[in-house]
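I've put the structures underneath this note.
Two complexes, one shared chain (subunit A), two partners (subunit B, subunit C).
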Partner chain A sequence: MGLPDSSQDLSTEMEVDAFRRIFPLRFFERHLSESLRPDARPLGKARDTIVNPGLVSTADGSALAKIGSTTMLAAIRMEVMTPSTDSPDEGCIALEFHMPPICSPTVRPGRPADAAPVISKRLSDTILSSGMVDLKELCLVSGKAAWMGYLDIYCLNADGALFDAALLSAVAAFSNLEIPVVALNDNGRIVAISGGKDEDNASIIEKKAVNKEKRKLTLKNIPFSLTCILHKNYILADPTTEEESIMDTLVTVVLDASDQMVSLYKSGGTVLAYSSAVKSCVELARKRAKELKQILGEMDID
Partner chain B sequence: MEIDRVDGRTPNQLRPLACSRNILHRPHGSASWSQGDTKVLAAVYGPKAGTKKNENAEKACFEVIWKPKTGQIGKVEKECEMILKRTIQSICVLTVNPNTTTSVIIQVVHDDGSLLPCAINAACAALVDAGIPMKHLAVAICCCLADNGYVVLDPNKLEEKKMSAFAYLVFPNTTLSVLPEGSSVAEGEPVEHGIITSVTHGVMSVDDYFLCVENGHAATASLSAFFRKNFQQSQRDSSKAG
Partner chain C sequence: MEYVNPEGLRLDGRRFNEMRQIVAEVGVVSKADGSAVFEMGNTKVIAAVYGPREIQNKSLQKKDDHALVLCEYSMAQFSTGDRRRQKFDRRSTELSLVIRQTMEACILTELLPHSQIDIFLQVLQADGGTRSACINAATLALADAGIPMRDLAVSCSAGYLNSTPLLDLNYVEDSAGGADVTVGILPKLDKVTLLQMDAKLPMETFKTVFALASEGCKAIAERIREVLQENTKQLEYRRAA
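Here is the complex of A and B:
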């Protein structure tokens, strides 16, 4: 680590940026002792969050979510497929999380990032186990046709808390999703209708609730997540990449709208999580869930 | 109301454990760990010179390769590799051999539920066999939540599918020390109650999660005792031979 005395002498002479690069942990701990972080956020506060729905016009549902600088673009494309024989009344969702080289200097083309398949699996586990999307709503004709949703999430800028931003963009994309109108033509195949004209030839077989309009999914138990860093006695909510690289103990809590815990993910790390720390993380996650719920609510109204 | 488990175990009872070390000749350390029918083979090669590209050269680096029983390597295996790697990094002393890479290879022999905890236990036993310096062991347990709110430990595959939620929990091993209790306490709780790793599946309430953690603590005591007995046994055997 270097002699503590020499670094103290250097710190009075060194520029702030140099100190930040050479003694990163000391730089952060100086701030933590004042209960602040270098970007002047209090310890339990997340960064500014923006959600923009409907950006990708060629997709059936899309959303862009930004938490601080971390940017995620989610897009859903619906296709008709034959459901499997064990669940003839259910559709399917295929989720893929991509980290293209644009998102971070550590990601190179041709070699997928280590974090990408892990986040991809965690996201699909979280979304499916939370029960946010009722797969039975995706059924068209029982046993013959059902919707398959291809959800692709692209990380455009990786600045920490990737899972949180990706989950938020996925949820926003689902609430923005409009299922295209289809009809059953004479051959018994599902055909997409683009304008809603030509109803004399096609017999529209859809749920009785919706006739000619595009359909929205009902989302219940929407999951909201918050990633925290545990460092000595401090708990930092919503870390940036710099903080994640210096302090390696991350805890992600996912809560749904009815305050049930969908997931508590802690993967190693130098700090052990005692129940007091876990309880504090859950509390911070609760507050964050309220904020995110409000942001999603405002997005829908627009 | 007690839960009836298919194999007649009580909710807190673990399946029969078996661990054998030094079973392979080429790796520097190896171990096979089985909990009931779930069996995992772990091999450790290392430390080897040099670290991977983006890793910190001032610390030892770990690499985990997870081989499933059948099929190609997909996202499930990558996630297990990442969880195991980070867990091992947190229990090993990284500053003793800087700028080295230690490889841990996990081969799934049979999966009958509670696979990731079994692999973590096998990896710890293999690391001990290889002589990699560690702060403490990582003791892993699977706790699942039945519909009526009961916590069931160490489920097999059928039970895991039926349960509404389950959690893989990894704790440090319980310590056996001459010093009095008060010296190994942090934040008012004993050190072995800290969670190293926690991965949950399914929706549960926050209180149920803490109930799982408590039950997990009780199980780690028996698992740690098993580890200790197993290592002392083989030490006695090898000292008799040598």
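Here is the complex of A and C:
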């Protein structure tokens, strides 16, 4: 710590807000020694989480996820494309994570946020490797037509734990997704069938409907994640932006519904973690996965 | 195609002088100094204001003793019909400029010299009238951020189809090829800050359509005022508690 104890003297005279800004680490450590954080959460507890499906009517599947103040809006649009020759029976998912300037005072227009492409890649890897979506379900006509799902996740408010909120919104959007009805028309091309005009479509539907009704995807091995901060001997679950800016060692654990580990991410940071610390993070992630599973379950019923 | 049926009902059941349902909320982005969500029917827009803060790019500063106002308009990839949008196309750049100039006219920039005010607009769903929804959202967000303004800038659009002036066009009516007049006014001062129109209209018809849009603007101004007053009441309660 090395700082002289003059801050101790100042702290009795200074206002709390000023102390928080000028000596942020000491401010947090005072709280951590009482096993609390400034927002009164115990160290291992995540913030209140809300998931709202189906908000974007122009998209085929969408969801809004909020963890504390961090807000993510995910939406999926399906388009038909030709599958590659290596995997003629499989569709494709393209994921993009955006951090528009509204989400944080540190994001400048014209210059993408530093965190955005990193989270984008990690999300993409996590979702594809978890096997949540069976790409074969996205096939329409083998070798000729398959679905391409464009998943766009927008961060509307960045207050820490961006990866967790983004993954949750992506998973919720997939469970909200309804694949549109299409048919093969006479030219051998896929056309969308809209609600109205039944006379025109009835003939097409009889002959060559590729899928009869809007269907949902079957999701297996849904991934749930928890980001933790390591600081000395403390492990803080679900950090806010303020905590992330002061303490730089983040560990993200992604587990699926059957308690298998999908991904583990610790990229540097001043704290070197013993394996016991990593195990504690995994334990916290396990508890969190149960909570999230319940929240998603309630969302589906609605 | 018939946009107004013989009984005077439009495609979504509205009459010619009815606006879509408005939902407005302030203070939605906790990290921003001021923020608002504004919905006109199916068009949903989020505005966030950061400022006044230190100027980040000194080369953009033109007037020394006035605040610099920057605006960025962007549409989410899933906001419109079938096609995915290019991230920064010409339309977004044009709209950013238009909205910036509209808001700049109404902010008292001389009270905040050497500072920068950023207005960011994100369209989450587009169903016609995004320009107007953005200006209305920006006004709410600027008020939420406590930035001094001359008046509330409000905006509404109107068009002319099947020989009828129509208030607040949605996407289908807008793409019908008739005229589309977007008006932005400062209601208390009764001044026009924004006026855009495409397609041809005879002068008399233009006056009618313009008057209709201005009426729409006044109605929106009332609503915005209500939302802001309610918000202030809530802040008072919290402060007193």
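Keep in mind that, in the parts below, the second predicted complex is superposed on the first by the 282 of 302 C-alpha atoms of A that agree within 3 Å, B and C clash if a C-alpha of one lies under 4 Å from a C-alpha of the other, contacts with A are read in each partner's own complex, and residues count from 1 in each chain.
Operating definition for what follows: a residue touches a chain if its C-beta (ideal position, glycine included) is under 8 Å from a C-beta of that chain, and two chains touch if they have at least 3 such contacts.
Just so we're clear, the structure is a prediction, and the values are computed from it rather than from any experiment.
Taken together through their common subunit A, the two structures put subunit B and subunit C side by side without a clash. Once the two complexes are overlaid on the shared chain, A:191 sits clear of subunit B and of subunit C alike. Panel annotation: after superposition on the shared chain A, the angle at the CA centre of subunit A between subunit B and subunit C (CA centres) reads 120 degrees, nearest 10. When the shared chain is aligned, no partner comes close enough to touch A:18: not subunit B, not subunit C.
Residue contacts after overlaying the shared chain place A:256 against subunit B, while subunit C stays out of touching range. Of the two partner chains placed around the shared chain by superposition, subunit B is the only one that A:118 touches, whereas subunit C remains out of contact. In the superposition on chain A, A:278 makes contact with subunit B only, while subunit C stays out of contact range.
Once chain A of one complex is fitted onto chain A of the other, the partner contacts of A:269 are limited to subunit B, with no touch recorded for subunit C. Minimum C-alpha separation, subunit B to subunit C, in the superposed model: 10 Å. On subunit A, the patch touched by subunit B and the patch touched by subunit C do not overlap at any residue. Residues 54, 74-76, 78-79, 82-83, 85-90, 165, 167, 172, 186-189, 191, 193-206, 209-210, 213 of subunit B touch subunit A in their complex.
Within the complex, the subunit C residues that touch subunit A are 28-33, 35, 42, 46-48, 50, 53, 56, 70, 72, 74, 76-82, 84, 118, 120-122, 124-127.
Interface residues of subunit A, counted against subunit C in their complex, comprise 56-59, 62, 69, 71, 73, 75-77, 79, 96, 98, 100-105, 108-110, 150, 152, 154, 156-159, 241. On the subunit A side of its complex with subunit B, the touching residues are 106, 114-115, 117-118, 120-122, 125, 129-131, 221, 249, 256, 259-270, 272-278, 282.
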